[in-house]
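Both of the next two complexes hold chain A, though its partner changes from chain B to chain C.
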Partner chain A sequence: MSNFQSVKSPKIKPGKRAFVNSPFPWLLPLGLILTFVFVYPIFEIIRLSFTDASLLGSDYSYTTESYGRLFGQSEFFSMLLITAIFVSFSVVFQLFFGFIIAFLIDQGQKLDLKGTVIVRTSVLTAWAIPGVIIGIIWRVMYTETEVGIFNSLVGMMGMDLIPFLSDPTIALISVIVANVWRGTAFSMILIYAAIQTLPNDVMEAAKIDGANGLQRLFKVMLPMLAPIILVTLIIISIDTFNTFDMVMALTGGGPGQSTEVIALSIYTTIFREFNLGQGAATSVVLLSINVIMTLVYLKILGRQGEK
Partner chain B sequence: MKISKRWLFGIVFLAFFMVGCSSDSSGEDAVDLNWASPAGYTPQSPVESDAEYISEKVSEFEEENPDVNLNVDVMANNVNEAMARLMEQAESGRAPDLAAIDGYILPNFYDHLQPLDDLMEEYGIDPDDYLPFAKDVVTGPDGKIYGLYMNTDTRVLFYDTDVIPEPPSTWDEVIEVSTKIQEEGYNGLMLPGGRGEGTSVTTLWPLFWAQGGELTDDDGNPTFGEGENREKMLNVLTTIQEAAEAGAIPQRVSSYGAEGDLDQEVATGKTAMFLGGNWQETVIPDLIGEEEFESWDVAPLPQIEEGTDATSAGGWTWGIFTEDEEKQRAAFDLMARLYMSDQGMGEFNNVFGGLPSRESVFDSEYYKGTKFSDEYREMLEEAQTRPPSPEYSKISTEMQIAISEVISGGKTPEQALDDAWNSVNN
Partner chain C sequence: MSHHNKTLVKKIGIYFSYAVITLFFLFPLLWIISMSFKTSQELFAIPPTLMPETFAFENYRYVLETTGVVNYLKNSAIIVFFTVIFTLLVSVPAAYALSRFKFKLKVPILITVLMTQMISAVVISIPLYRLFSNWNLLNNYIVLIIVYVSVVLPLATWFLKGYFDTIPAVLDEAATIDGANRWQFITKILFPTSMPGIVSVTILVAVQSWSQFVIPFILLDDESLYPVSVGVMNLQSTQQAVTTHYLAAGSVISVIPVIILFVVFQRLIVGALTSGAVKG
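Then we have the complex of A and B:
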């Protein structure tokens, strides 16, 4: 060993050698990249949130007014509520439909049914389309005249046209449905991949032990899938909290503020009202929500997964 | 040591190479003219006919001015963002030599722009020829001209004379006419009433301005929610609410934020009147057919009180930032050729579909006009532009939310206005 070292690095000093042999040289590039693209922007956002900076000028001063104004507005709390409704329903239904589709495709493959690849690909297409395009597609489908796709069906059934985008409550439901359609594919592909890795012998053993289909699903399959479901839950929750492109194209946050989620409000505050300070403060609130929610998921579901 | 010498040689060689290249390409007397604009007003316009027109004129300019190098800088698509960036550049002394500026924002740039009176006189462009609103915008507090207003647009009532022989001139008449035509199977009055700038400039501000309302004071501070202005804005929201409750305007307009959103309504053939922008005149025939469009006409926007008139005017201007007289002349020559001379303004608006901002161009041989050009010209006499206040975007966004909530039944006019006022002043 000592011969090997003397041949490989004869002139390196002992301190330098310790550094070269440590993991730090390997981690340094990643650390630098993370610092510039992740830590620095977060630091800047937090710093700007304590200023009255505007996009219209370069002068600003440090203040806590942005937070004061934010928490002093009743609209802020109604926006939080709208975001909570949007995220919870979107996440629950994306996971539910994602699991169902993944399970059905897996069963279809086991039964040698044709067309499972087509189903998988077509579901994935929804995930590959940019959010703005999805917003426009659904806006066309929700059109509130007879030429709207859904309303023409409603009209054919002899019912009154549905105000998909102009009634505050129905508009929020419409946005959730569009977002579930958009996000289900991502949940499906992760859960489908996890199902493929489940050991067949465990499932077979459960079957031999007399467990029926539902018992095998709830007592064997789901516990084994728990870690990947946890990861999926965290990713789609953060993704849904950060959604604004689809909502902007579909409703623009209206009617009124009935579909204005936090991420859209940040965009409006910074890029339409030029209020960089308050937009940054709202971003910090969104970041905090995402971090807290992830920690809670890890604590609650992570423990269950370990069990 | 060897490595250091090699590096030194490399740097010296590179420096010589770069100096050699730069002196070769620019020549001793060449002038670089930096020209910043949204893509639509450059040779890179996404609309083929516009790009062809601009490219042709730019080529002519380059042939006649071989010593001027044109450098086009395409601005961001988001107009607000682009204007904010331009202001930042102007404040730090890094503004381009020439830039396109959204018409109503031009007054914010007076301090950074060069007066153009001498060049206008030299090129035979009379400032008094500008339409009244355009002259107000380009004239600085010292009475000098600081901008070249190249095109404009306006908002009108489009209506089908086969269904509505006499257009409504007040909102009482709107309710009356809407009720009648709905019995015949048509929609009521369609208008932008959701979140989008179209709602502000087409539906809200004309009703407010016609009563003498002012959105901001001379210093740009919001005034729309206090004193007499509050009463006038409340009148606007109450009028809209009454029309919505009477069924004269359908609830679904609260999801339309742009004039173009109404195109889908026109396409159904069940819309016989709507508030829109003059540019939609070229769209309607495509939606309903040339023959059907023959019976359509335009009228001034209906108002709360009989005998009052107001509408919005938009459009873009050009401002010259450079202090170099040679560049100023080159920039003005380019703009005159492209957009400002009788020929330039006439031909550009033929292609672009806008309206001239100078009265004489409407009568010029170069401007073809449209079926309703004369009516637009008349309405533009009473037109106003949005206030150039830094608070404007916030005011507009909050009032769009207010009217959208009133139409969808979420809030009363008082609640909606108070919430908008509090949000703007928070």
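Then we have the complex of A and C:
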């Protein structure tokens, strides 16, 4: 790749040229910043997870009690369950709607329909809005009296008003719906890009062979899109596991702890209960999830690269 | 059914689905805009009015004059501006090295950079909070911006590396034959040809940093330094049902900059996201 070793530049001393021709000076600022902001905090959070530290005091001793207490609590497992429900439903519906919208936009473009850009832009706008604002907007729409837009529609249909944010189960569904609204754009755009790269002749050949629309979709298109769908699935899963801002603004984790996903639980444990040791232990759990999913992602990418 | 009719039915079906999708995704936004123009009486109308009866622009005046929103916007602008500059200063050389040099550690470095992208901001903010409070660096924009930069760096570096890879090595050779050194190659050839990529990264970084919440939420506790995301959150906690129209106006004000940026550069952003995605 590098063609600069042979350059004879009399102005630059040999030592200086060697310096410029090594990749490491170029990477130094990146390395320093990532070490400071990621490597140090990761080691620190693992260390803190083996202590009984409090956010307020500076004295602590080393212990594995944080983990013991964490795994001994039924709250911890119900929090994990809530997180798992939140992540799996969000991800499945984001992928599902993302695929459908990408497919429809692609079909529309092939038929030269107008308005594909408007559809794409309106979906993407949801993705560009800060999570906190999304939480606020949906909170306003979920207002539980007939003043709220959703409940006024419910009332018009003659049904009982729905406690969107005060019933534990419904609140979790409400949070998932808002999150699907927010995240569908990302899946859509990745799948849309992948559809663009599909070879046209394969689809045409299937058509000539007499495959109908549905057969072409399920037997030809989906198998070809499978790798990118898998990659998208992992990226959005990691993202959803890390969700904090939208839920914070929408429910604050409530009612009770019924929408307290793992990132929110870490925040509450440390900054509301000042229990640094246990919050750090929960962080290590989230960190492990992040790392495992990234390894799976790399494995899939590696496999694709070999092809 | 004739082929022509079949296509027509298909077209109508697709248009119908477009209407449903657009309505679903734009409605929440239109609703909050509508709320932001309602008077306090109209907030409690049953059924709620879709369009405000009269446009109460005074809601915006009230929010701009009595809440800290203007200050939050200014803070966000400062933070985002410097985040973009520093991100480019760090990611461009790194991406250049990862694209143009051959060395053993290249793949491990690329993977490590990707790994950092996947780590929760809440997790890293906690040790940083402790560190900064010990060193009296909470509420300090310089360290705050460094943390902002690090969060967007992986994406920026990977994206720019991908973009530089698409610039043919032939150009490097031509430059070498013409006697240009590395620095001249970068400023005279690589930069101009990569401009679309650099602009895309700038927009992506700006949109992401504008939305950033966890980091300022944890690392700032002086209200006068809050960016809009944290500021509006703060506004929400102090508002009641009777002031929803103010909260709505505040929300609209805080998303206007990103939405303008986004709609104007929509094509570039889609291009950026998709080209990055295809390469993985």
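Quick notes
Convention: the second predicted complex is superposed on the first by the 250 of 307 C-alpha atoms of A that agree within 3 Å, B and C clash if a C-alpha of one lies under 4 Å from a C-alpha of the other, contacts with A are read in each partner's own complex, and residues count from 1 in each chain.
The definition used in the following text is that contacts are C-beta pairs under 8 Å (C-beta built on N, C-alpha and C of every residue); 3 or more make two chains touch, one makes a residue touch a chain.
Note that the coordinates shown come from a computational prediction; the quantities given were computed from them, not determined experimentally.
In the superposed pair of complexes, A:Pro168 makes contact with chain B only, with no contact to chain C. In the superposed three-chain model, the partner touching more residues of chain A is C, compared with the other of chain B and chain C.
By the document's definition of touching, neither partner reaches A:Lys219: not chain B, not chain C.
Looking at the shared chain after the overlay, A:Gly253 reaches chain B, while chain C stays out of its contact range. In the superposition on chain A, A:Gly57 makes contact with chain B only, not with chain C. Look at A:Leu301: by the touch rule set out above, it reaches chain C but stays clear of chain B. Shared-chain residue A:Glu146: touches chain B and chain C both.
Shared contact residues of chain A, touching chain B in one structure and chain C in the other: 55, 143, 146-147, 271. The touching residues of chain A, when paired with chain C in their complex, are 1-4, 6-7, 9, 12, 20-24, 26-27, 29-30, 33-34, 36-38, 40-42, 44-45, 48, 55, 101, 104, 107-108, 111, 113, 115-126, 128-134, 136-141, 143, 146-149, 152, 155-156, 181, 184, 189-190, 192-194, 196-197, 228, 231, 238, 241-242, 244-245, 248-249, 263, 266-267, 270-271, 276, 279-280, 283, 286-287, 290-291, 293-294, 297-298, 301, 304. Chain contact summary for the complex, chain C toward chain A: residues 7, 10-11, 14-15, 17-18, 21-22, 24-26, 28-29, 31-32, 35, 43-48, 89-91, 93-94, 96-103, 106, 109, 111-116, 118-128, 130-131, 146-147, 149-151, 153-154, 157, 169, 172-173, 176, 179, 181-183, 207, 210-211, 213-214, 218, 228-230, 232-233, 236, 241, 244, 247-248, 251, 254-255, 258-259, 262-263, 266, 269-270, 273-275, 277-278, 280. For chain A in complex with chain B, the residues that touch the partner chain are 54-58, 69, 72-73, 75, 143-147, 163, 165-168, 171, 251-258, 268, 271-275.
Residues 78, 80-81, 84, 87-88, 91-92, 194-196, 251-255, 257, 264-265, 267-268, 270, 390, 393-394, 397, 400-401, 404-405, 407-408, 410-411, 419, 423, 426 of chain B touch chain A in their complex.
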